[in-house]
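Pasting the structures here.
Two complexes come next, and they have one chain in common, chain A, joined by chain B in the first and chain C in the second.
What follows is the complex of A and B.
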């Protein structure tokens, strides 16, 4: 008998799916909710030491003297290291670290270190960064322009000749990731092999980096990320905490627990860059935006910051953009859920609203006239219906009445790639006892990776989701890409599907003789196995597996490009209430729609939409890193002064999966859901009371002062 | 947190004797500190704003009560018929006490508005009145402002969005206690191991004495009870409310708060008590506004006049001018609520 040519794995039709494209509860929800889940923070090993950093309290300083000597007098302190003994370049930069028998002893030891600093000038604001007196921060100078598109003269002329013209400056503050689990890891190194528990978005990368730090081979590093408490883009590399933990582990030959504290987290583990955008735009009476110029300054601290550029998703006949960065002596920005996009969205959605009002045109209608992609038209229409736009009284002018509480509505849109790449190698195993495992080295950031990994295999074998164990977050389970750019699902799901598909084919082959049919005639459905030749004769899954005897089925899978694609769209609407006497802002409702190709777990997708809207709500209402501009103190490096929304801030959230998107391929969709929410809220505030807040967050002081002026 | 010794006295005598007679300035340098619910002292110790060597835990002191009592006609040197709130009474217990809800709605509402359910369960009324300011300069270990014994108020010319518009200088904190504002309106008395103090005498302005302190307590003086003036309760015809404005509703300190108590003769106000929170270094009583309200019927005009009058002396700093229109609006809302 000649072997069957292996058929290509293909996703089933949506209508035929029993597990995928349904609502699946996350398999590890209970472990997380009950505290049974072990995070890196929770790891306790015999003989383990706790490590901690000393931060520089100045934005920039010369380290005149760093005296680690006093550490030896602290009971329980074991060792101290200098991290930066010459010059610091950002507020909170680690200058030294200690390892001690307990966290308390580590803290005492940190405080015993004596450092003498000499500060000469520094910058924590854009203005200070641009001041010629400020010492140089970056190698390219404290400000530079690195991107220019379009023709300035042409665009300016188009703006000038338009029927209406607006010019505004939009500012966004620095936002923090606020992962519940701080950065860090536990390193156990015996001189030859290392075991590492890391809170990371890239297990595979951590094994490589730790191997480098410890001068051993990657295969001698085992990395475990069974559970992690959020990354949002800030946890790709091992960072200074990983390097330092490795240094201690190497020198002391004892396991090292180094997890950042909350202030560390706020001060040196990355952030979403702030920025200032000056937009001039003109539109004609027919509702077309004919010209736009944009001057963009990113505030990425000692890094560059991010912004995808303007006019973002909108089509403008003639536009010009100049983008640059201004450095300050503050922590480098890192990737954060849809890097740069929420910043761009805030400015463009604001100016689009301003143009529509200037023309006296329906805000939704005006948007559609300037969006070419029909997907946005259907999505905007859908969220508009859901939020009650068509019944709303203020569609082309804001409500300017005073004295009561006014309701307003606003919109925003998003775009993303979300395609995969060929990195993941996965495996699926069927054991004679009937158990099935699907394994990947990929980490579950909390997005539900573990759940869909098992579900894909369950769908393949006609099992329930609960009958397959999804195993994630271990370097031994094969290489996987970093979870960034919403690339995880499109990189991983095809590889899991591939492994499951191969395992099924092998299993069918093995069962064929038993069922007295050909492998192609073997069907796996509803927990049973049968041959199409004789559907009445069925084996239960357990019976079928027992036939495997002592030879389990094991198949390995790789990326299959045709099972994924890229390119997603989203639209959101927000309905708010503004108290015109106090400036109090209440978000009443947010509606988000998102396309995503083939939905694997509908519940998880809606959770991502909700999560994106909530994170954008925080950015809209409160979140802002505050650094004292005159003295250089960090004033918001804690959860009292850096405010996150709580349960009472939650609006009614409506998350919609755009089922008009019938692409039969998987696409990542988590990031774009955070892009437009705050813009929709800011626009809704203006719609409610005629006050436009040009600088986030939309705190009541700004709204109230706006209301007092307009009165 | 610095290591410390914890004392668990069982009698008030022992507690007081373990406390220093002389005050060390600033308070943060005090080597011995009183501990009640720990919701402020522990965070201060963790942040190294307070570094006591000895902590005197009041929870085991027999004489101290953690409950609300109404001795009724029972004779007492402090007068009869007043509601006694033991210093260790939790804010949660206060918020849910039916008698207080009935008599002093303003106090229940203020208690309910505080922090989170977890914190309310631990925090006590005594500790709430003695909590330290939330000014973000003060709370940053690296800044040594006037409040911490330094010689400059950084808020004055700094980021002062949350600071005082009334009674400020040389420190511009706002008192963080919600209970204080409501209790001042009720005319509460604080009974300590040394004396009985009207709440209006308990708090002190930074300009009056020492900017590193917020109240007049001696270092070895312990709050035992808070007494509520029974003549100002609902059964004597008083209506009351507490309106607190927060940036974040889920939990936050007041940006501005209004405690209002009114007694009516028909639709005319016959007596009034108005206190503001979140706008001054002490809970702020508006006596002239109270007088202005008497004899008047509540309408838009009165609301406006009252707001104008209450905020007449306000001197905003660079970033907190909004507190003026905000507080005026809150006063108007409170008046309308009781109309």
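What follows is the complex of A and C.
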């Protein structure tokens, strides 16, 4: 088409950007603030049925008898299905499901089902999992070691010969994703084609899986995720809810609405694995960590759990690590925002603090001596300044005074990849009426995808962000990867940029004769189009588009590796106040800095940093799955018993984008923001009063117990 | 309450929840409920002997200034009535915990923020119900709504309607509300994405604007 070779798409210099790298309002903010945004939960179709699960109340049981018969007597109940009629292997596992005319009728139908269970031994704690009397849970036995690195003898010798040595066991509980919109979907299947509204992190994947369940081709499945109420890693596959909704839809030929209830969500939609880490470490007077051994046990229920391993980000001269899992009869862990990393962070940041104190060294200085990457030095320095570290009186020893309220400061760091993959195919369209759309099958989890998709095209055409419609969350808009590993932006943004770039080149080509110049001379700026040969002669965007006549511009884009990269860093600091009489803990301030290559929407990035810090604050202070160990009852399956941080617990939050990172490429950054916050808080508690809490959450009773001992 | 107490019932008997939600009808209009419960012995075992309450009654609800007839069961919560039974369904109000722990279902009942999941539909009769759908005037957002958009006080947006209603309830009573007062007003609302700091900014800005403009 063009006589000239098409130039490669390149991001503009930051200084030249008018839309990207600014504070952009979310384009769907209005829909969300008015209640007009339709989530999967909100889909209402004529003739629709509501489906619901019956959960097994035992950690593991034989299903001796499952009687669905009584359901037929329930008014409004339409159908019941057995899901698991032989044996259950985790607490809360669904055994049956019903479909009914209303949610209330579905509840009645669930209660009408009669099940007889036989239980014989199960495990809900690590101890029970290790008990030889516990029946086998996993294929590899109830505990196994699957990773070992380094030389144990060498590392142990290094620890033993160090100037100071510490040894501690750090424990973290199971944390829940707590997406406010539960998992689920609405399936409308007429026997040939299906339309599905799914609360998912992977629209493309859902269309493939639903097609499989319904035995139709993927092209006959339309998946819509206009809005979804949070994912955090738990919403990739269609899950048992998707399979069940498809079964009902197939058998009943009526639209099925199957959204999990809150207890379902807590019991069988995944979680962040817990774990126990036994660390021994030694450091020399010069402030170098010379040896470390780590024994790591992940608690992933019937799954493996996750942990990236130790010594995590720190460099240790000689280290050894052994990692394994202990199974219990509890829900399988799933990916959750930076899977494994917050767990690793809690142990390593604790032990690093312990070593610094043992040496009597400044906590920040000691960290820097054991971090090779200079980015961490600058980031730690920045958060230290912001939190007031350099004016703080207790930098190398904790405050041990008693009787009043003490203030302490702590630190933590994070690492992440965030690079993209060649999956997304996007499109950009310019219509003669002046409207511009940028479309992708990718989804917006609340991260702001829809906003930057439009903004990238707006930047390309010299328009305002509001002049481009970003369309996301529809299988018809092209394939896209799942939003996991913070890979969305780096996978998607280059493909959108590519489409916008091609559309601009085509448009320039079409306008060249009109402007009596070459395509290369056409410029799109400030809502106008002109030729560099004759800058005085300008067309408004609307005029330029009207020239397109009946032929709109349409370009499709693909991944462009050079527009993205990977590798991000972060540092956070927390300032807390501990009441040394009661153990009451208040987080006063959290500061987080994050690099991310080229920032697309600064406002949304700061929101992400805040969000990460707040989720870490919940992990630090409150969040913990509790299961009664002798009866196997779930005691924390709703928000009255599983506490999330709220308004009253909010500290002052400072979210900083690290602008010293001048990489001109896009990188994902949402996940690392959750990695170090709880570690910084735990370290700050110790700094405030000399009490180290080794098992999260940091409840006042644990702090008080420590204060009592040290008194 | 764990999920098991919901199931902990004898065949044909009450669950604790359907009993509690059914009991609300005594004070309201459920004639069936009244007779049934009046005869019920006060003991827990006695309650289980009461035949279950079922069936729909027609009630009137005034939602965002419009009154309509709605068929509800005695146990139907206001939340469920809004999301499933009024016409058209008002799905802006969200169901999250169904136990009064998250505030996502907040609506204004005679100007007071309440958890609609903890309010029986029959008990909302004769009262003014305002939901998130009733705040904007056509395309013109309310000051609280526009402040939320401007300050990025929403991410996934699922908690947003509840927060907007709590903040609105607080500021309509007192646009001068201090930040601690706003925090108290929203202390029953949860956001997992972590929009709190931006919600605080938005609420303060909206209060300022409401004081100046006197708009609702």
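Here, the second predicted complex is superposed on the first by the 709 of 711 C-alpha atoms of A that agree within 3 Å, B and C clash if a C-alpha of one lies under 4 Å from a C-alpha of the other, contacts with A are read in each partner's own complex, and residues count from 1 in each chain.
In this text, a contact is a pair of C-beta atoms (placed from the backbone, for glycine too) under 8 Å apart; a residue touches a chain by one contact, two chains touch by 3 or more.
Here the structure is a predicted model, which means the values were calculated and not measured.
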- [ ] With the two complexes superposed on chain A, say which partner A:104 touches: chain B (first), chain C (second), both, or neither.
- [x] both
Open item on the list: Per the contact definition in the header, classify A:565: touching chain B only (first), chain C only (second), both, or neither.
Closed with: neither
Task: First (chain B), second (chain C), both or neither touched by A:370 - done: neither
Open item on the list: After the superposition on A, what does A:647 contact: first (chain B), second (chain C), both or neither?
Closed with: both
- [ ] Please work out whether A:639 is in contact with chain B alone, chain C alone, both, or neither, and reply first, second, both or neither.
- [x] second
Open item on the list: With both structures fitted on chain A, tell me whether chain B or chain C touches more of chain A's residues.
Closed with: C
Task: Which of chain B and chain C A:271 touches, first, second, both or neither - done: neither
Open item on the list: According to the stated criteria, A:57 is in contact with first (chain B), second (chain C), both, or neither; which is it?
Closed with: both
TODO: Report, in rising order, the residues of chain A that make contact with chain B in one complex and with chain C in the other.
DONE: 57, 104, 107, 111, 633-635, 638, 640-641, 645-648
Task: Touching residues on chain A, where the partner in the complex is chain C - done: 25-26, 28-39, 41-42, 44, 55, 57, 70, 75, 92, 102-104, 107, 110-112, 114, 177-181, 227-230, 232, 261-263, 267, 445-448, 603-604, 606-607, 610-615, 633-635, 637-641, 644-648, 650, 653
Open item on the list: Taking the touch rule as given, give the residues of chain A at its contact with chain B in the complex, in rising order.
Closed with: 57, 104, 107-108, 111, 581-584, 621-622, 626, 628-631, 633-636, 638, 640-641, 643, 645-649, 699-701, 704-705, 708
Task: chain A contact footprint on chain B (complex, rising order) - done: 1-2, 48, 134, 136-137, 139-140, 142-143, 154, 157-159, 161, 245, 247-252, 255, 319-322, 325-326, 329-330, 332-333
Open item on the list: List the residues on chain C that touch chain A in their complex, please.
Closed with: 1-4, 6-7, 9, 11, 15, 18, 54, 73, 75-76, 80, 83-84, 89-102, 104, 131-133, 135-136, 141, 145-146, 148-150, 152, 154-161, 164, 182-184, 186-200
